[in-house]
Structures are given as C-alpha cells and as structure tokens.
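Shared chain: chain A. Partners: chain B in the first complex, chain C in the second.
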Partner chain A sequence: MPLQLLKEKNRAAVQKVTLGATKEEGGTRTHTITIGGDAALPFHHFEGEIPHRPVVAMEVQDIEPDWPDALKKCFVDVMKEPGRWAEKCVKEYGADLIYLKLDGADPEGANRSVEDCVAAVKEVLQAVGVPLIVVGCGDAEKDKEVLEAVAEAAAGENLLLGNAEQDNYKSLTAACLVHKHNIIARSPLDINICKQLNILITEMNMPPNRIVIDPSIGSLGYGIEYAYSIMERTRLGALQGDKMLSMPVLCTVGYEAWRTKEAVAPVSDFPGWGDTEERGILWEAVTATALLQAGAHLLLMRHPKAVALVKENIEKLMVSNAY
Partner chain B sequence: MLIIGERINGMFNDIKRAIQERDPAPVQEWARRQEQAGARALDINVGPAVEDKVGAMKWLVEVVQEVSDLTLCLDTTNIKAIEEGLKLCKKPAIINSTSADREKIEKLFPLAVEYGASLIGLTMNKNGIPKDADTRLALAMELVAAADEFGLPMEDLYIDPLILPANVAQDHAPEVLKTLYQVKLLANPAPKTVLGISNVSQNCQDRSLLNRTFLAMAMACGLDAAIVDACDEELMATAAAAEVLRNRTVYCDSFVKVFKSQ
Partner chain C sequence: MALTGLEIYKQLPKKNCGECGTPTCLAFAMNLAAGKASLDACPYVSPEAREALESAAAPPIAKVILGTGDKAVEMGDETELFRHDKRFNHEPAIALRVSDALSKDEVLSRVQSINDLSFDRVGQHYTVQAIAVTHDAQEPEAFVQTVELVAANTDLNLVLMAEDPAVLTPVVPKVAARKPLLYAANVNNYEAMVSLAKEHGCPLAVKASGLEELAGLVEKITGLGYKQLVLDPGARSLSRAVADFTQIRRLAIKKRFRPFGYPIMALTTSTDPLAEVLEAVNYIAKYASLIVLNTIAKAHLLPLLSWRQNLYTDPQVPIRVEEKIYEVGEVNENSPVYITTNFSLTYYSVEGEVESSRIPSYIIPVDTNGLSVLTAYADGKFDAEKIASVIKKLGIENKVKHRTLVIPGLVAVLKGKLEDLTGWKVLVGPREASGIPSFARNNFA
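Now for the complex of A and B:
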C-alpha cells in the first residue's frame, strides 16, 4: 500500500484586504497592494494557497523623530520633509508601502494643527505612488479630529487608517466607512479583545475585508513569544472558519525593535555586543522574520538594511514547497 | 459546532400539511427562522405519513433552496428519495442516514461518495439500538471501516450513537456520552459525531432544559454536530458557551451573538 501523506484541510482562509486605489478606482496610486488570502499556516504552501506575499511598509513621520543615529543617518537629508522621505523609502530602499505616523499631532509634543497633518498626508500622496498607511499620534481626542480630516481629504485613496481600539473605535470606523478607507483594529496583546474589536467594528457595517489586525507585538527579547502565540492562534481561528479572526495582521516591528536597549546601546557600554548599527539592524530584521513565521502580512519597519534582509527572506519563503 | 435545524419535518403538523398541499410558505418560513437563529444546516424530513416520499423530498429541497443557502441534511430511510434529493442540492449535502447493516452500507456510502455528500452513520443494525457503549462502538467501527472501503473521507462521516428518551431509557445517556468520546479514537483523522438531541426529551417535562443540558454534556465529549431545535434560544446560548469552554473557539464578549451569526 503506498504511503499516504496526510495534509491539514482548512475550512476557510484569511480575508483579502486591498490597499490603495488607482486612477480608475478613484484614487491616485500607481498600483494597489492586496494582502491576506492565505488558506494555510504561514508558508505551508503544501497545505493551501498563499496568494499574496507579505509586504513591508517603511515608516515616515510628519516631524523629525528622535530616532537613534543608526536610523537617522539613512534619512538625514530628507527627515524634515515627509514627501521626500517617503520617496527615498520607495525609490532607494524598495518599500512596498509607506506608513506615515503623524506623531507631530501630539498635544504633549509638537501639537501640529489638523491642517498641517492633512498637508503631510497630501505631500506623501503626491511624492509616491504606493498605497499609504496613516496612523495618528495616540492621543484619542486629537486623533479623532486629525484622522477624520485625513479620511476626508484623502477620500478615494483607499488608505489604511489607524488605530481603532476597543474603547475608541466608533469615530474612526465611521470616517473609514464614509470616505471608503480600511481600518487598523489594534488590541493590547489580547486575542479576546482582538476578536471583540473586530465584531464591534463589523457591527457598524464595516466589511471584514477592510479591517487589518494590529495585535500589538513585543520585539525580540521583549515578549515576542506572546505576540507569536496570539498571531498563531488568530491564524488557526481564521483557517477554522472564525470570521472575526480572519483579517490580515500587521506588526509594528520598527517601533518595537528600535526602542530596545539591545538595538541602541553603544559599544562602549557593552563591548561584547558588537557594532551598534549592525546590532540594531539585526534586532529589527530578526523580530520581523520571526513574526512572518507567526503569520504577519504587513510589516511596519524602519531601517533600510533590515528591510532588505526581510524582503530577501520573504522571497525565499514564498518559493512554493508544495508536494 | 454544526447546528442542524430539526424543524422541517413531516412529523410536525404544519410541515405535513404544507407537503400535502404543496404550500411552500410554512417550509420557507422555518428555513428562514432556523437560519436566523443560528442553524448552519437544515434537516429535511418528509415524515412518515407522506406516501410519495421521493416527490415530497424533491419538492422540499427545491422550496428550501429558494430561500436558503444552508447545507441540507436529507433525512429519510428511502434511498431513492435521498438520491433524487441529492441531485437537486446546490451544495454538498448530508445524508441522514445509514445503519450499520451491510445492505444499507453498500448503497449509501457509494451514494455519498458519488455526490460529495457527508453521511450520518447510526450505531444500530437489524438487532436494534445497543444498550451499551461497547456495542455502539463495534458498530461505529464497521461504519469507519466502510468509509475506508468505499473511499468516503473520514471527516465526511458522522457517527450518531443514538440517544433515547430519558423517561424510557435513562441508562442510555451515559453510554452515548462514552461512545462519543471513544469514537474519536477509532481512526485518525477521526470521524465526526452527531446526535438528534431532542430525542432525549420525547414525552418528558422541561424538554428544553433536558435538551440543552444533554447538548452541553455531549459537547464536552467532543460532539461535532447536533440536530436540534435551533429556535430554542437558551439551547443555542448553551451551545455557544460550551463551544468556548471546550476551547474550540476563541472567547470574546459577544460569544453568543457570534455563535449564532457564523
């Protein structure tokens, strides 16, 4: 009797979410990007179709951020201009998308006006043709104003806007519904809240294929295993037919990796740890590649060399291992 | 957990009359109501009184499919009626059912394979329903072997260990629960399990209480599907809770609502 190899049969697949809109679709992007659609565990090509490769968005901010030198030196000539910064990320560093973080809006920080924030979004839309992710500063009150204005000003562009959270999802969901954008549903490393938030957002009539999950992550050495197991459970739920866990997943890799001591501590403090810059790049790249294995669809990253390493890894993982 | 709505059955007078008069309204109303309540498949049973079982089955399948996309569970002992029903089903159906008798097995397993349908196999034969778990399991094993023999994927086989009313055969319930648990050890991948839950409370008082309690107990033993009164809200809420507590679905605050809508 021939050996019969048993394969997992999955009942369902991850939702597909398409970001951006071309001229024909009412936007100004040169192309759209679709994530998700996986009918198997990450890169188990032999068990189901994985129609879209994971993508990398590079982070741009509306004001010059207080980043470590290893990062700053890659963007030193453009960091004051979000448009040129985004352009550099796409043209020189191969970013699939741009992730614009409007930290300048923070009332505790630069407290830039709503108009300035909208202008930054428009500047980036002008400068690059890739789809755009826009996230507020984290101050609920200010974000409400800023993101509503951004949603309206960029109507038709099919942005990915964030963040919606369990206590604060209604105004952003409404704005995304009215102006036809996608939404980031962010939960605090908690799969129950992750699922509940997706339910709450879909109850406002947002289709599940316009939601992207941000499960919150920890970087390598800072709780990445919690994120890993939550993402793994999310994927298993999606494959078993749990629609409220079936959205693609994004990970804030750059933010988490570059705030670790290991990524930034100078060699003088830890002579045994090796070159600071190389260490930071690897910290970000390894965090990203681990999360790819857990089921990440969209990685939000910072260092061009880390991006290059991760994209190379994605290419290899997307070579079919079907048998 | 697959909830199969039991209500479209000629045992109920409104359905019996609808079949006799070929009046689609009551049938379609129950299809809609059960779907809304959270059923994800609909049992279709022409009932004992109808003479033309083939014609009645074809008519029921057609009128139900006019208003519902749910999987249909064709429930009759008349093999011809099942085959004609299968021909009309727009998506893979569930055949309800075969016994563990060889002549039935030889007809119904190939039929399921031919139409890509799932098949409910009852742990009974000409000798009737066994009293104990061991005999039920022996019959289940024959059904599992038949799946292998005729090429029915094991996950398309539903073993029904058959529950009897609590006021007639109280000693059966523990044996059924034991069977449910052990059926999963018969093969890998394991066959699925199903029960007609309402039978546990035939002619008893507090039927809903008996039904939902037994459902929870059976789910704890791994039950995969149940033919139930899907419009019994408390029963559906119990199923939702059991699905969370046996860790088959991720908890969220709206777990009851989600169970009914997915």
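Now for the complex of A and C:
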C-alpha cells in the first residue's frame, strides 16, 4: 500500500494582528510584532503556512508586586522602576514584548492616580523599543478612567490594551478605536462567550484584526485542560472560516502558574515534589508549552529561565516539517 | 468508527438461508453491527468479505500491552484526534533511561531513584511506568548484566534498547516473563527481531527513518504474523516528530491505514533536562503512547506527569472535588468559612485566592455534581436548603466559634433564605474568586 499523507485543506486562517508602531507609522517603537496568520493547526507547517512564530511578553508592574522570592530575585534591582524593569526583561532576558500590568491603580490596594499610571506607561515606552501590552488592575470603574487616559497618552503607539469583558467592553473598545490601539477580549473559559464578545466588539466597528482573545486559561494542574480544549476548538473554528473565532490568542501563563502551590511550595512542605526553584520554572514553562500546542500566539510570562526555555521550544517547533 | 448494519449487509452473501440463526442476511447484519452476533455463524461468507469486515471492525489503533500483572501498561487503543471529541484512553507510559555504560553502583543508585518516583498532588497519585535499558557499552555482556541487575531491582516494566538482535537474544529469555518492549526492529534486522519477539510473546518496537519506510516495514512484519507493535518513525527533531506523530494518528483513525494502527513511541533528544521536559510535553500533547526520557529529578517529573494527567481527563465529566471541610492555612475557631461548589476548577480558584488572601480559612465545596456556581444555581443544585443541609452535615459549627458564612456573589439572592434556615449571618462575597483577597482584607483582617 503506497503511503498517502493526509493534509487538511483549511478554508481560512487566523487573523494577523500587528502590535506597536515605528516612527514612520506614528509611534516610537523600534519595530512592530505581528502575531497570527496561521493557516493550519499549531506547527502543522506541512499543510499550511505558519507565518509568524508565537511570541513571549514579560510581565512588568507599576508597583512592586508581592511575587514569590523565586521571581523577585530575578528583578530585585529594578522592581521599583517599571522602565528599568522592562529594559532588563528585553535586554537581558530576551522578552519579545512588555506586558505592563497597572496593579497599582487598584482602589483596594495602592490606589495610584490616573496620572501615575500614565507616567508608568510612558516610562516603559521610553525605556524599551518593543511593542507594549497594557492592562488595568481589574477594578472596572478605575480601569475605565486609567485605560482611557493611557489610550490617549500613548496614541499612535498601537498598544494592545485590556481587558474588555462581556459586561464591560464599550468604553475600552471606544478608546481603542479613537486612539488606534488593539484590544484584549477576555472571556471566562467559555467559547460561546468568547465568540459573543468578539461580535459585540466588532459591532462597534473594531476590525477583527485588532482583537486578541484571552480565554482566561487555567494553569497546569488547575484547569489547563479546559483552556487547551477551548483553544483547540477556537483554532479549528478559525480554520473552518468562523471569523469571530479567528483572532490570535494570548495566555496569562505567568499569573496563573505562579499562584499555584506547586510553583512555590518549599521542599520542606512537600519533600516528594523535588527542588522548588526548578519546579516553579517548569510549572510556568510547561503551562506555556502545552498551550502552544493548543494554539497560543502570545504568552504573558514572568520567570526569565521559563521564558528562555519556552522560546527555545518555539524555535524548534517553527522549523518546517513539510513533507 | 464501527460499520453500520447496512455496510455489513453489502458484504454478506444475501442468501437469506437462515443458517446463522436469524431469518435474513439483513437481520444478521444488524446483529453483527450491534455486537450481538459473530461472523462465524454464517458458513457462506466469502474470504474477501471476511477480511474486509474484520479489518473494519478492528479498533483503529491496536491496544498493545507492556509488562504483565498489575504493573502492565496498555498503550494505543485510541480513537480520537482531539480530546474535546472524546476522552483519550491511555495515558502515555513514561520510561526512564538506564545505560549499560554505567557502573554497577551507578545503575543501582539510578534504579533506586527511579523506583522512588511517585507523586501525590490534589488527591491524585502519579507514577512512572518503565525503565529503558540502553545499550551504549562496547561489549554485549554489559547489556546482559545491566538488564539482569535492573530487573532484579525494580518492579517497573522494561524496555530493552539494543538494535542488534545478537545483543538482545541472550537477554530476552531471562526477562521474557515480564513482557518487556524490544527495541527495535528495523529494515535490516526485522526478521530476527520478529522471531525473537514472537518466540517470547514480547511487544516489539518498529523503527524506521521516515513514514514511508515505517509503513513498508510494518507491512512486512505483520506479513510475518506479528502485531504486538509500537511505532517509532525515527523523527529526532521536535517539529518533525509532531508532524510524523500527527500523520500516524490521523491516517490510523481517519483512513484506517492499517500499518499505522499501533501506539507511537517518542525518544527525547534534548540534553538540558528542563528542555527535555518541554520536549516531552509536546509528545504527550501529540499522541505518543510511550516516552523515553533521561531526567529522573522529581521537580522535573511532577510537572510533566501533571500535564499527562490533565490532558487525559474526561472532557465530558467535569472533575469534582470531595464535599468536605477544607482547611487553608493554620485555621482556628475564628477563621472565615467560604461556601462554593465542588466543580474542581471553581473550587481550586477559590482555594488559590483564599490562599493568597493570607487569612487562614475554611472552604466548603457543596456537591453540585461538578457544576460551577451559576450553572448549579440555575439547575437547582445550589440553593439555600442544600447549603444549609451540607454545613449541618459536615459540622462546621463545631470548628468555629463565630456564625458567619461567605457565599459567592453570583448567588447573592440566597442570603435571606440561608440566614433563616441556618441562623448564621451570611456575607455576600465577590462575584469572581479573584475578588476574594480584597474582600477578605476588608472583612476579616
């Protein structure tokens, strides 16, 4: 029996989304980054073009976060200055982008002013040349103010701003439309809500190629399989021509992985689990790697060593396997 | 993808003679499709029809067993490409390498460490399945000695990796009773390997360079009458392996391409152990039934085995946690009490946030059949009566002095009734688990 390989003919591809803008394009980035465009399942180079490799954004916060020591020690000299922190991520740790989380805005926490938040964004924009992702603190009222101000202050930079959610997407969508930014559409591990939110946002005239899906992943050990299946179904939907599932997907890997017990519990508490540091790094890196196979385009990560491992894994997966 | 009654009927003699015990060929076909009859009952079925029906009725991917007894591992027997369609059946076996180039002491200490690899987390128990003895030494005797030493010191299954039949032949009889996997038949040695495997009833790995060669080689081997096979297409780069494994699985399931209807094995090539773990994460996702690894560090295997367990859970059944009183941190009689549902994702997000609130607390997940808060509420599985009876049954009143419960913000409407039923004060918590730390700070700090 002669061997006949089975190559799927996909009807459509994932949208391409370009982040950042250079001087010529009205921004100040040294280069832009494009994600998406996949015409096949993840890394199935043999049956469709995968034009852009998945990328890694490293997380920076506007105030010193309460992170586990394993993370803190990688940034100990810079954690109080978002600009220097971002610079270290890019120069020393090879971050493709910076993911700035404005946790300091939280009214229940540091409650920093809108001006302070905008200043943090500007500081990071000045410190690094890579494209920038900015998200709020999670308090709907405060985020509305903060993100509108950030969108305006960084007009032209073609940021990726988040998060828009099903019951709270209008003001952020409007701000992204007016100031020409991209938007993160976050849905709670539910493919129907994911699709519905994309419809709502595009109905406000946001082009689909300026939306990035955040499916609210669970980490390894804490629901990753739900995210894995929703992402596989999302990609299959995109390839079959469902425009409202065709946006690239981002995963909040660092946040989810580092709040697990497995990533941080000392050996003294769990002697059967082995060395804490490598366990934590792998908890993050395995979460990212598994989700790459389900179709992740943009990984938001924390630990430099996990970032390096995942980038190396991406390099290997991006080698063509055409027959 | 079993055949329908009509598809089977097309292959029958259509004599309607009734000798099979049913009056018509069609009725017999329907019984066959339902698994209620055996083809042997019809004396007139042609050899061609028999061949066609049997191969169509066989599972798309054969089940191959490594080992014997309660340590035996089933490999293959998969029917799906995507876990959201239906559960993947058999978690891939993990085999850890032990080289015959090691000294006796090194072998013993490595085997001991491997024997100790078992993990408990979130009520699950994870283990590794096999030791793969690799022939790297110059002298064939080293292999014999190492296999005997390993076999004498472990209960784990064995994979014997020496591609030279002359090296394997003296060893296999010594451990044949444990049904080790013989690695591997290739285009040059397959006749000797098949007769060795056949003689001892051991599963046999088939190694080729590329899919084309693999298909041809498997056909030659099955032509010799041996079908306890595990496939190694020889890909030694990650991207190629992902493509080859995908083709093997797809062709077996969607095209019933018989030469690829066997479990797949993957051999890692990364030298850095952390990179090796990530390499293996890809193989777990992409259809490997057996993965041969170097690293034996606990911190490396726990994440890998967790991923394996997660991927192979049943996507149809929401996983549940047990309905009981959970303690987060050093609780005491003043600790807050949170109520949630027993859908594990819901429970673990609550647990994670309660933990990060740094205020020791009790959590009671009410058995809602594994439904999340809103779904369970809509289904009538999470109401005031239910919550009241569960907290009573579990006796939380004996653990705390206060009389305050926290319920999820999504079911704030239950507050009044729950207070009436229990006499406890009910605090309405945040709508999302992520709101718990600030809620806890405001109410309990």
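By our rule, the second predicted complex is superposed on the first by the 320 of 323 C-alpha atoms of A that agree within 3 Å, B and C clash if a C-alpha of one lies under 4 Å from a C-alpha of the other, contacts with A are read in each partner's own complex, and residues count from 1 in each chain.
Assume a contact is a pair of C-beta atoms (placed from the backbone, for glycine too) under 8 Å apart; a residue touches a chain by one contact, two chains touch by 3 or more.
These numbers come from a predicted model, not from an experiment.
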Partner chain in contact with A:286 - chain B first, chain C second, else both or neither: second
Which superposed partner A:273 touches (first chain B, second chain C, both, neither): second
Which of chain B and chain C A:223 touches, first, second, both or neither: second
Touching partner for A:243 - first (chain B), second (chain C), both, neither: first
First (chain B), second (chain C), both or neither touched by A:6: both
First, second, both or neither for A:192, with chain B first and chain C second: first
Touching partner for A:233 - first (chain B), second (chain C), both, neither: both
Contacts of A:142 with chain B and chain C, given as first, second, both or neither: neither
Chain B and chain C footprints on chain A, overlapping residues: 6, 233
Contact footprint of chain A on chain C as seen in their complex: 82-84, 118-122, 211-212, 215, 219, 237-240, 242-244, 246-247, 250-251, 254-255, 257-259, 274-275, 277-279, 281-282, 285-286, 297-304, 306-307, 310-311, 313, 315, 344-345, 348-349, 352, 355-356, 434, 438, 441-442
Chain A residues touching chain C - in the complex, by the definition given at the top: 1, 3-6, 43-46, 106, 108-109, 138, 189, 218, 220-226, 228-229, 232-233, 236, 259-262, 272-279, 281-283, 285-286, 289-290, 293-294, 305, 309-310, 312-313, 316-321, 323
Chain B to chain A touching residues, read off their complex: 155, 189, 249-254, 257-258, 262
Residue ranges of chain A touching chain B (in the complex, touch as defined): 6, 9, 191-193, 195-196, 199, 233, 237, 241-245
